[in-house]
Amino acid sequence: MPSRVYKKVELVGTSTVGIEDAIQNAVETASKTLNNIDWFEVQEVRGHVQDGKVAHYQVVLKIGFRIEA
Amino acid sequence: MPSRVYKKVELVGTSTVGIEDAIQNAVETASKTLNNIDWFEVQEVRGHVQDGKVAHYQVVLKIGFRIEA
Amino acid sequence: MPSRVYKKVELVGTSTVGIEDAIQNAVETASKTLNNIDWFEVQEVRGHVQDGKVAHYQVVLKIGFRIEA
Amino acid sequence: MPSRVYKKVELVGTSTVGIEDAIQNAVETASKTLNNIDWFEVQEVRGHVQDGKVAHYQVVLKIGFRIEA
Amino acid sequence: MPSRVYKKVELVGTSTVGIEDAIQNAVETASKTLNNIDWFEVQEVRGHVQDGKVAHYQVVLKIGFRIEA
Amino acid sequence: MPSRVYKKVELVGTSTVGIEDAIQNAVETASKTLNNIDWFEVQEVRGHVQDGKVAHYQVVLKIGFRIEA
Amino acid sequence: MPSRVYKKVELVGTSTVGIEDAIQNAVETASKTLNNIDWFEVQEVRGHVQDGKVAHYQVVLKIGFRIEA
Amino acid sequence: MPSRVYKKVELVGTSTVGIEDAIQNAVETASKTLNNIDWFEVQEVRGHVQDGKVAHYQVVLKIGFRIEA
Amino acid sequence: MPSRVYKKVELVGTSTVGIEDAIQNAVETASKTLNNIDWFEVQEVRGHVQDGKVAHYQVVLKIGFRIEA
Amino acid sequence: MPSRVYKKVELVGTSTVGIEDAIQNAVETASKTLNNIDWFEVQEVRGHVQDGKVAHYQVVLKIGFRIEA
Amino acid sequence: MPSRVYKKVELVGTSTVGIEDAIQNAVETASKTLNNIDWFEVQEVRGHVQDGKVAHYQVVLKIGFRIEA
Amino acid sequence: MPSRVYKKVELVGTSTVGIEDAIQNAVETASKTLNNIDWFEVQEVRGHVQDGKVAHYQVVLKIGFRIEA
């Protein structure tokens, strides 16, 4: 069996709703162009503030997917 | 145009509800005394446990705001 | 008064619902065998992806509890 | 019950005596202007050397205190 | 001789010119309200891009100053 | 409004002139194939030495750009 | 000769006296239940403050011991 | 389906042969007392030197296993 | 001479044999689609365990290659 | 005025007494062969344990000194 | 062909002019006593402030050179 | 008994064969000029690639040895 090789790309998902929604947005956008997405790893959680409230969350994450060898 | 300068302060927001609520609590408290808050960066997520349940979340975050030069 | 000593163990909670639920699952599982759990510290947030959606969240956390001296 | 919010400030305590004394100096100085100091976290231990001996210790620490909401 | 205590604050200096200019802008802005500034430590160098060119540099730095005890 | 998603790629810009020039070279090269470049984050500054002088600077940086969803 | 294997556990020693005493308290507590303790590694130094003074030190450390294979 | 919870323990495997052998020694020793071991993560590679040669390798690793809920 | 620019991509090579073989697998897979690969940097060494033995190694590495300007 | 250049060397001081004594031992040993020692920076605090007690402290530190240009 | 071995030393270059000049000062000073210097890696950028202006930059860097085997 | 003091130097061993061989090359080269080498700590594993294959491994490591006081 040949060995599998994976690639990781770094995305920033955003959401006005929350952290899980920002992760889901990044994963869904990535899945439009990448097959075989397998896992994600959160790198940073940040966000913008407007008028004393969180306006949107920004979640930096790595997304791992298998490369068709 | 003179260059903008920003300051970052480190707060710990707490919440019995969840991580986003703890962030929001810190941002709202900061906005009572600081103008021009622009962004936040989560540093750590911790919390206290009582009777085998999460009693409250503690989110350490930095809050960035523009300084009036 | 003798000094207190605490121990920290590292767990990975998982959940199909979200990050707080994964934390709560780890805390509840730990509390079945450990008394005196006092706090948790999130180390990493990761997860698995299936069919372009987050299938479950994996939260690596440390759980601190007082040792009976 | 409204959620508590804490602030962390970064100080450098110095002492010719030792590390604990440098911590104590920073904590005492901070307590002159801040109420509700609750904890400290050591970030770095450094120092100056003169004539082949430690002349003074410099302890970089964060000091956390509750904000009156 | 009483021990000296220093405080560190975190600023973000910006400049269209370069990294040293962004540092200098942050230091100058800080010196309008703080006496006894003694040193700085660069934490991050970032910037914004417009039309394929660096539009401005953002240097996150800590600024250390002696506290009047 | 659908949520924006960004991607970060890691480049190494080089220059015989200096750090800002190496950053600019990486940004310009990236902008030939990527639209919507928005920001950069310096990761490392290194370089090669020849005959006791800096021969060129190598700046490792991440470049962030909006993905067309 | 079979290869030795060691385990590391993470403890938090506390003391009203100082950092070395907190380390010693953790080591002594660990040695009540673990044989063959060989070394420790300090991870963090923190503490609680009451009335403008350090009330107790908290030293997070790892303790390494040989496993009976 | 109830959520799975995993635990991570930190071991140090040693070997006179090489890094993979040290990992394997730690994994085998752990598997004598732990069921359901699933993965490992290398933390550090170190070793002892005698007479100008590597006498043995020491690999610090975390071992993850599913907890029977 | 125009300045060279390099790109770094993050891959995960796997192998049942060992760490060097996992690195080689990632490098070979990358070289099928990338020209001018110049260097690699290991980020993490992990692996899966089955029946008390290392089933395969997973080496996360960055691969650097020159971009055709 | 020509610019000053400093060098940093990494030492491990040991002591049966405590952390400050281990630092002092390293500084004194370094000062036998190095002039112009100016500062130290603690990197790690570790130690050996025998019979359930700290046998000696090991402090890894960097020592900075001015180079005679 | 015997394998090459390199050594890295840590220096602090200073300059009143800027970061590149501080790097160049450290490289030039090192090249007076070391042959075969090949590369440098910036570790930290700091500096001193006087009268609200940057008085000099301090760049901590590692310098790598081939050892004559 | 006077306290022992150790020094750590940073080397880069290279090898066309593998990681352990690169470590061994660095240790052997160091032992030609240093007595009392006691341990090593791997800092980074990198390498060069030629024609889609690993051309040689570069292992950055620290080597610790006792100083004759």
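Think of it as A, B, C, D, E, F, G, H, I, J, K and L in the order they're written, each chain with its own count starting at 1.
Everything below uses one rule, namely that a contact is a pair of C-beta atoms (placed from the backbone, for glycine too) under 8 Å apart; a residue touches a chain by one contact, two chains touch by 3 or more.
Everything numeric in this text was worked out from a predicted model, so none of it was measured.
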Partner chains shared by chain B and chain K (touch criterion as defined above): E
Number of steps on the shortest touching-chain route linking chain G and chain K: 2
Angle, in degrees to the nearest 5, of the Cα rotation that carries chain E onto chain I: 120
Proportion of interface numbers common to chain B and chain C (over half same, under half different): different
Distance between chain centroids, defined by C-alpha means - chain D, chain H (Å): 38
Between chain F and chain G, centroid-to-centroid distance (C-alpha), Å: 44
Residue list for chain I, restricted to those that touch at least two other chains: 9-10, 19, 32
Each pair of chains that touches, named by its two labels: A-B, A-C, A-F, A-I, B-C, B-D, B-E, C-G, C-H, D-E, D-G, D-J, E-F, E-K, F-I, F-K, G-H, G-J, H-I, H-L, I-L, J-K, J-L, K-L
Residues on chain A engaged by chain F in the complex (per definition of touch): 9-16, 21-22, 25-26, 29-30, 32, 56, 60
Chain K-facing residues of chain J, complex: 3-10, 62, 64, 67, 69
Partner chain G, residues of chain D touching it in the complex: 19-20, 23-24, 27-28, 31-32, 37-42, 63
Chain J residues touching chain G - in the complex, by the definition given at the top: 18-19, 44-49, 51-54, 57
